[in-house]
Amino acid sequence: MTRPLLASALASIAVVVASLPSQAADKVKIGFISTLSGPSAALGVDIRDAFMLAVKLNGGKLGGFPAEVLIGDDQFKPDVGRQLAEKNIKLDKVNFLTGFVFSNIMLASVPVAFENKVIYVSPNAAPSPLAGKQCNPYFFAASWPNDAYHEAAGQHATDKGYKSVYMLAPNYQAGKDSLEGFKRFYKGRVAGEVYTQLGQLDYSAELAQVRAAGPEAVYIFLPGGMGINFIKQFVAAGLSKDIQLITPGFSSDQDIIRAVGDSMLGTFDAAHWALDLDNAANRKFVAAFENEYKRLPTVYASQGYDTALLIDSAVREVKGKIEDTEAVRKALKAAKFQSVRGAFKFNRNQYPIQNYYLRVVGKDAQGRIVNKTMGTIFKDRGDAYVQDCPMK
Amino acid sequence: MSWVLILEQTLNGVQFGLMLFLLAAGLTLVFGIMDMINLAHGSLYMLGAFFAAALVQATGSFALGVLLAIPATAAVGMLLEMSVLRTLYERDHLSQVLATFALILIFNEAVRIVWGSDMPLSTPAALSGPVQLLPGLAYPAYRLLIIGVGAVVAGFLYLLIARTRVGMLVRAGASNREMALAMGVNIRRLFTLLFGVGAGLCAVAGALLGPLLAVQVGMGENILILAFVVIVIGGIGSIRGALVGAVLVGLVDTIGRAFLPMLFGLFFQPRVASAAGPAIASVLAYLLMVAVLYFRPQGLFPARG
Amino acid sequence: MQRAAILAVLALTLAFPLAVQETYYLSFASRILVYALAATSLNLALGYGGMISFGHAAFVGTGAYVSSIFIAEGLTSAWIGWPAGVAAAALAALVIGAVSLRTRGVYFIMITLAFAQMMFFLVNSMKAYGGDEGLSLAGRASTGMGIDLGSDVAFYYTALALLAAAVYGMHRLARSRFGRVIQAIRENEARAEAIGFPVYRYKLACFVLAGAVGGLAGVLLASHGKYVNPNVLHWTQSGTLMVMVILGGVGRLWGGTLGAAALLGLEDLVSNHRVDWLAAVIPNYQQHASLGVGIVLLAIVLFAPQGIAGALERRRRA
């Protein structure tokens, strides 16, 4: 090779090297994709609002570095969610992916993250396959294992001695998980186990079947708009007078209460968090959320807030060297932050171990309809799938 | 399997069918007389629901909101007819399909820009509870209202078509357009009026179904297909056909949805039964259409002789 | 001048992967090629054959699902999975076409739509293959010829080659006896029948061919994203393909390709590249891209029914 050619070759290599991204990060890029439109938008909006609140209270930073949150709307469609995930990961080169509400959309999208070694921190969906056999080092659940609320509700139904329970859930992974979870702890008779269409809004046919079956209680897993419609139609059909409604925590939460109103009073539900949980982080969170958004937060919001705090603690722990994915993973697993739910620790499959409480829908001191904590159903519960997970 | 259950599911099917009828009636007339495939019909249904939701919020009264939504949607419908749709009458079906598909996109986004992706709309408090029809059957009052309104509108449409001059012109136009034109009917005005009536009917359906389903962008697409199935079954251009077709489809869909999973549940696991059941139930309406077309290619009550 | 322009475009498409560094844009370009193939196949049935089929997405989806199921079950060779996908789509087209083509006009549209919806619900209920969540594939099919389809560059060239072959095939077909008969049928079916052509058989053949090529596009689509979802079969997807065809020019050789490039390019441009003054006037305009698409489509149908290809041709003649 002649001299000038060699020189120019070296020079171009130097230019290329110089233009490569510098080693330490100067900001944290988050890809946030959630369901922000449609009847179930309230869920994604709550997670987003709480996440952004946490970032704001941190001065617009995560772990001490400026945070850039790219927000996308999956429109409740798995293929849209996946496309957005691809864009976030391949074009925007985000450091973390988060946000999905629904596990079907999440399961369609996270393979892109896993393939590209991008960590996904889930503010909600935590389905059983990823807790057990398909557990993945790049998946962290900052919420609760999908079955957990349902197991707790099933335990409550057993404790209360309901002789028969009729169950409904949508026909997708989380739906299946939910009823499996309920049956794991409910020892009475299952009067019916019905799977409805995901996104279904008219339950007249199913309600007629419930009436014909005549159970003591009905357990539903119908998040978002589905739950709102079911509960309204349940009451309209006169079934709420004779049949006790039990739901997982989010199906009786603030968004549903806002839409349904007084007819929710007296509904029992199970959750890992409540507005009245007595710890400093929670008191700060609830007050700040209500101040900023003029409404009370749901469990979804609490999870979104915790997700941001978790990521913040991890970035802080690795002192900004977020390209070292292994170090970030270790930091996330250590979970050194003050969660609004109280103590927070991860199981070896990167799903949380925590308490689950019994709540009832009642009125608070100011006469607002809220969920009040009645007692603890489970203490330090993990999940039923961890033994299948090969991760340490 | 009790009589109460069968009665309740029948009522559910009739309720759904009557709402389908409101959509199908406008669609069949437009197609039958103007020979135009209008995919944007579902968008008028969506518009009716959004108008109702917005007006109920503005006026605080459910009845007022719904009633005002009707002329609002009819006005939009007539404006649409006079501006864009009129140019499509003479064009081929493909152009009509594409142009009205474009209108679906435009309406969806326009509604999203004006009102957002969805709006809340609740049943009026007075009708949120059940009515004791029989001992053991407390049927939702609101659904009874829908059945009532649907029946009244059907009766009104029948009177309009069969007993008035306008109705006679419509029937003439449906059975032979060229002849009607030749006899001096003011086709332009008739078409616009017809379109307005169709849009108004869509508004009633949208406003009434809003509290039961959800008022959201894109709600028109799903029900549009079923409306087309109804008019193909009933016979294009025939109101009677639309009514019979709609109630048939409503019953088949509801009873299929309710009993097929049960039937499958006897043989398969719940999760399989619940996947196959609703899937086949939704397909039942299409199978019904294919079957009807096989025996009666023009539908059950064809308008054209 | 004309020749030079064509050569430039050709050189660009061939050299594109080597010039572009971002895998995202290469992936995007491949996506355009795949949709171009799907739209071209629809153009065959719609533009040349005059058959308004709202069920075309079903054939694309069948190709996508069948080829994906082969990979999911462990049969990763492209030589098995891909022809299987195409064959399945052709079979579906044969069955659906045989029944539907006995009807005309709106009944034909409705029946094709009904069948497409039936396939959609069928696939949606197949929980073994993901159901509503869709099916994620571990990898693309293997060709065993030293071409690693996992590489985005190799995939791009494969898709390009298949699209080129399809367009060339359509070019020859349009000039062949079969092609002329089909176009005669489209222009005046009664006359073609009177002359003595077995119209039903010709239409069915055209329909099946279009379905088969659509299936090939579906195979590529699933392979490209390593993911398939029941929405691919939904009737609104047929609508999107139709939009591409009309945009590009219905009945014209390059209609499908130009339409796919225009629609997808426009959508990407609007969503990913902010135009600040526009954002000042209409905030969030990027989330309302389909409004623009709808308006453009309406304008084309009303004022320029020949689409982009037609406009280019008029420019050349003038």
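Going in written order, the chains are labelled A, B and C, and every chain counts its residues from 1.
In the analysis below, contacts are C-beta pairs under 8 Å (C-beta built on N, C-alpha and C of every residue); 3 or more make two chains touch, one makes a residue touch a chain.
A quick note: this is a predicted structure, and the numbers were derived from the prediction, not measured.
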Assign the assembly's chain-to-chain touch graph to one of these shapes: line, ring, star, complete, other. complete
When A-C and A-B are ranked by contacting C-beta pairs, first comes A-B
Whole-Å gap between the CA centroids of subunit B and subunit C: 32
Could you tell me the distance, in whole angstrom, between the mean C-alpha positions of subunit A and subunit B? 38
Taking each residue of subunit B in turn, which ones touch at least two of the other chains? 271, 275, 278
Tell me, which residues of subunit A touch at least two other chains? 171
Multi-chain contacts in subunit C, i.e. residues touching at least two other chains, fall at 127, 131, 287
In the complex, go through subunit B and note every residue touching subunit A. 1-2, 4-5, 8-9, 12, 15-16, 117-118, 120, 122-123, 128-130, 132, 136-143, 211-214, 216-217, 254, 257-258, 261-262, 270-271, 274-275, 278
Which positions of subunit C touch subunit B when the two form their complex? 46, 52, 54, 99, 103, 105-107, 109-111, 113-115, 117-118, 121-122, 124-125, 127, 131, 235-236, 239, 242-243, 246, 250, 282, 287-288, 290-291, 293-295, 297-298, 301-302, 305
Would you tell me which residues of subunit C are touching subunit A in their complex? 22-24, 27, 127, 131-134, 136, 225-227, 229, 231-232, 272, 287
In the complex, subunit B residues that touch subunit C: 31, 37, 84, 87, 93-95, 97-99, 101-106, 108-110, 112-113, 221, 225, 228-229, 232, 236, 271-272, 275-276, 278-280, 282-283, 286-287, 289-290, 293, 297
Can you list the subunit A residues touching subunit B in their complex? 37-39, 41, 171, 176, 193-197, 201-202, 204-206, 208-209, 211-212, 225, 229, 232-233, 235-239, 259, 263
